[in-house]
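Please find the structures below.
Below are two complexes that have chain A in common, paired first with chain B and then with chain C.
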Partner chain A sequence: MNNALRKKAEKSFGEGEVQSYAGITGDFNPIHLDKKFAEKTVFKERIVSGALPIGFIHSLYRELLGAEFRLLKQRAKFLGPVYFGEGIVFEAECKVKGKKFLCSSKARTKQGKTVIEENSEIMLKD
Partner chain B sequence: MKLNNAVDAKEFDDVKIGQTNSIALIFTKEEVRKFNQLLFGHSNITDSVPELFLISAATSIDWKSGFSSVTSSYEAEFFLPANPGEKITIERKVTAKDGSKKTIHISLKAFNGKGELIGKGSSVGMLFLDAGVTK
Partner chain C sequence: MPQKAEYKIRPFDDLVIGEIATLKRTITENDLEDFAKVSQDFNPIHLDEEAAKKSIFKGKVVYGMLLGSMISAVIGTKLPGNGYIYVKQELNFLKPARIGEELTVTVKLLRKFDEKKHVELETLIFNEKNELLVRGTARGKAPF
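Entry: the complex of A and B
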């Protein structure tokens, strides 16, 4: 495989996902759940739990590679907030390197502001 | 996921550079199934704890410890899979803090029940001082 595999998708994250995520992980951070608290922060309103868009990126990698994988390394930067219901455009890319894949992604708002930069080194599961 | 021994810090000044805490976690198969379903859209694989679940747990420690914070970046590296039902210990060390930028830098290591290093990483958390540091 010489060429990079690429995928682009749009997704928004809502109340149900954030509440479910909090219930599963115990992450009841008020910046995601408490409107009054969030109003006092630099974000001015609640923001989506960062793991949700990262999880979506993982699912894009899974679609690109057509298989389950193990995450060997990951680096992620949250450059801006993802707000509830906001459409986010994800662009993901994977390249083969030996027995591993080097994948990278960016998430942008519809206004073009980059909110997440991520890159991963992954290996397919047996 | 059960969290024990949370960091006992109520104000920014309470956090000391070099301060190390360990947190014990157990991820059940049911939690793994639900996590996979929500985050990745499938629930058929529960043989190992998703690495993102470990990252999520590690980066949410600050606010669980009494801080109002959000993760602005992280790096993670994994060496061994983590098994559901197994006690996972995450060691968390404050490596730097910056009052003007309202950030805390954390290094993290995760060990399985045998004491083997399964992963390590670092994160930067931004504190919401304007919203009140303590919960």
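Entry: the complex of A and C
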């Protein structure tokens, strides 16, 4: 734990990001885009595309490790919804293991509920 | 974003084990530039050919998380379809994807968990030489 690199940051995700993400990736799931559709779901309103907080977590890894890295494995658990405009607190940590970095992150709401757990295996330039 | 009056919803009970959905897509340089803006990931191996040539990849490669998003697009719009979301996902990046090659995402329904309305999916991405680039699994759930 002594050699771990850590970073904490807060971010919220809004209309613009969700829209442009959908346009670029083709991920037009209406639960992210259509208010009426989302009202009929258990969430009652639209939720943010999971890829946006995951992308933000990866930007924290890049800040910790430097720009040029190669992603080998990535996994995530989505434990709860992230709502539009909701401030989410991210805690990222990277540790060296052999030639690789093992990075992990948690995303929590302001109320302390963990919404995402993420793990990535990353290799720097070889 | 597409404006649809009504989105078709696949009821959980209608989903069949073994069902497959695919998506074909060719990633362009423009796509990488757009993805850089939305992800704030300006890693030169995705954007700068000269720098990318000097890297282990010997040329520009597609963002791993853009590949992941293509899988998410299939799950959330095709199989199981509109409204379904991730409970968890796992991706193994085996080989890099290149600009201009046609990529095929294949999602297969492996298991259903009736009580929780969860599905387990196999998620694969191949290049046009039929090489496996990304191998993964996902668990999705119905939000209805």
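Here are some notes:
Assume the second predicted complex is superposed on the first by the 122 of 126 C-alpha atoms of A that agree within 3 Å, B and C clash if a C-alpha of one lies under 4 Å from a C-alpha of the other, contacts with A are read in each partner's own complex, and residues count from 1 in each chain.
Criterion: a residue touches a chain if its C-beta (ideal position, glycine included) is under 8 Å from a C-beta of that chain, and two chains touch if they have at least 3 such contacts.
In this text, all values refer to a predicted model and were calculated from it rather than measured experimentally.
After superposition onto chain A, partners chain B and chain C are found to clash with each other.
Contacts of A:Val89 after superposition on the shared chain: neither chain B nor chain C is touched. Within the superposed three-chain model, A:Ala4 lies out of touch with both chain B and chain C [touch as defined at top].
When the two structures are aligned on the shared chain, A:Leu33 is found in touch with chain C, with no touch to chain B. With both structures placed on the common chain, the touch criterion links A:Leu102 to neither chain B nor chain C. By the touch criterion defined above, A:Gln19 lies against chain C but remains apart from chain B after alignment on the C-alpha atoms of chain A. Between chain B and chain C, it is C that contacts the larger number of residues in chain A. Applying the stated contact rule after C-alpha superposition, one finds that A:Leu65 touches neither chain B nor chain C. Put simply, chain A uses residues 17, 20-21, 24-27, 29-31, 37, 40-42, 47, 50-52, 54-55, 58-59, 62, 68, 70-78 to touch chain B in one complex and chain C in the other.
Residues 17, 19-34, 37, 40-43, 47, 49-52, 54-55, 58-59, 62, 67-78, 125-126 of chain A touch chain C in their complex. Against chain A, in their complex, chain B makes its touches with residues 1, 3, 31, 34-35, 38-41, 45, 50-53, 55-57, 59-60, 63-64, 68-78, 81, 128, 130-132, 135. Interface residues of chain A, counted against chain B in their complex, comprise 17, 20-21, 24-27, 29-31, 37, 40-42, 47, 50-52, 54-56, 58-59, 62, 68, 70-78. Touching chain A in their complex are the following residues of chain C: 1-2, 4, 7, 23, 25, 31, 34-35, 37-45, 55-57, 64-66, 68-70, 72-73, 76-77, 82-93, 143-144.
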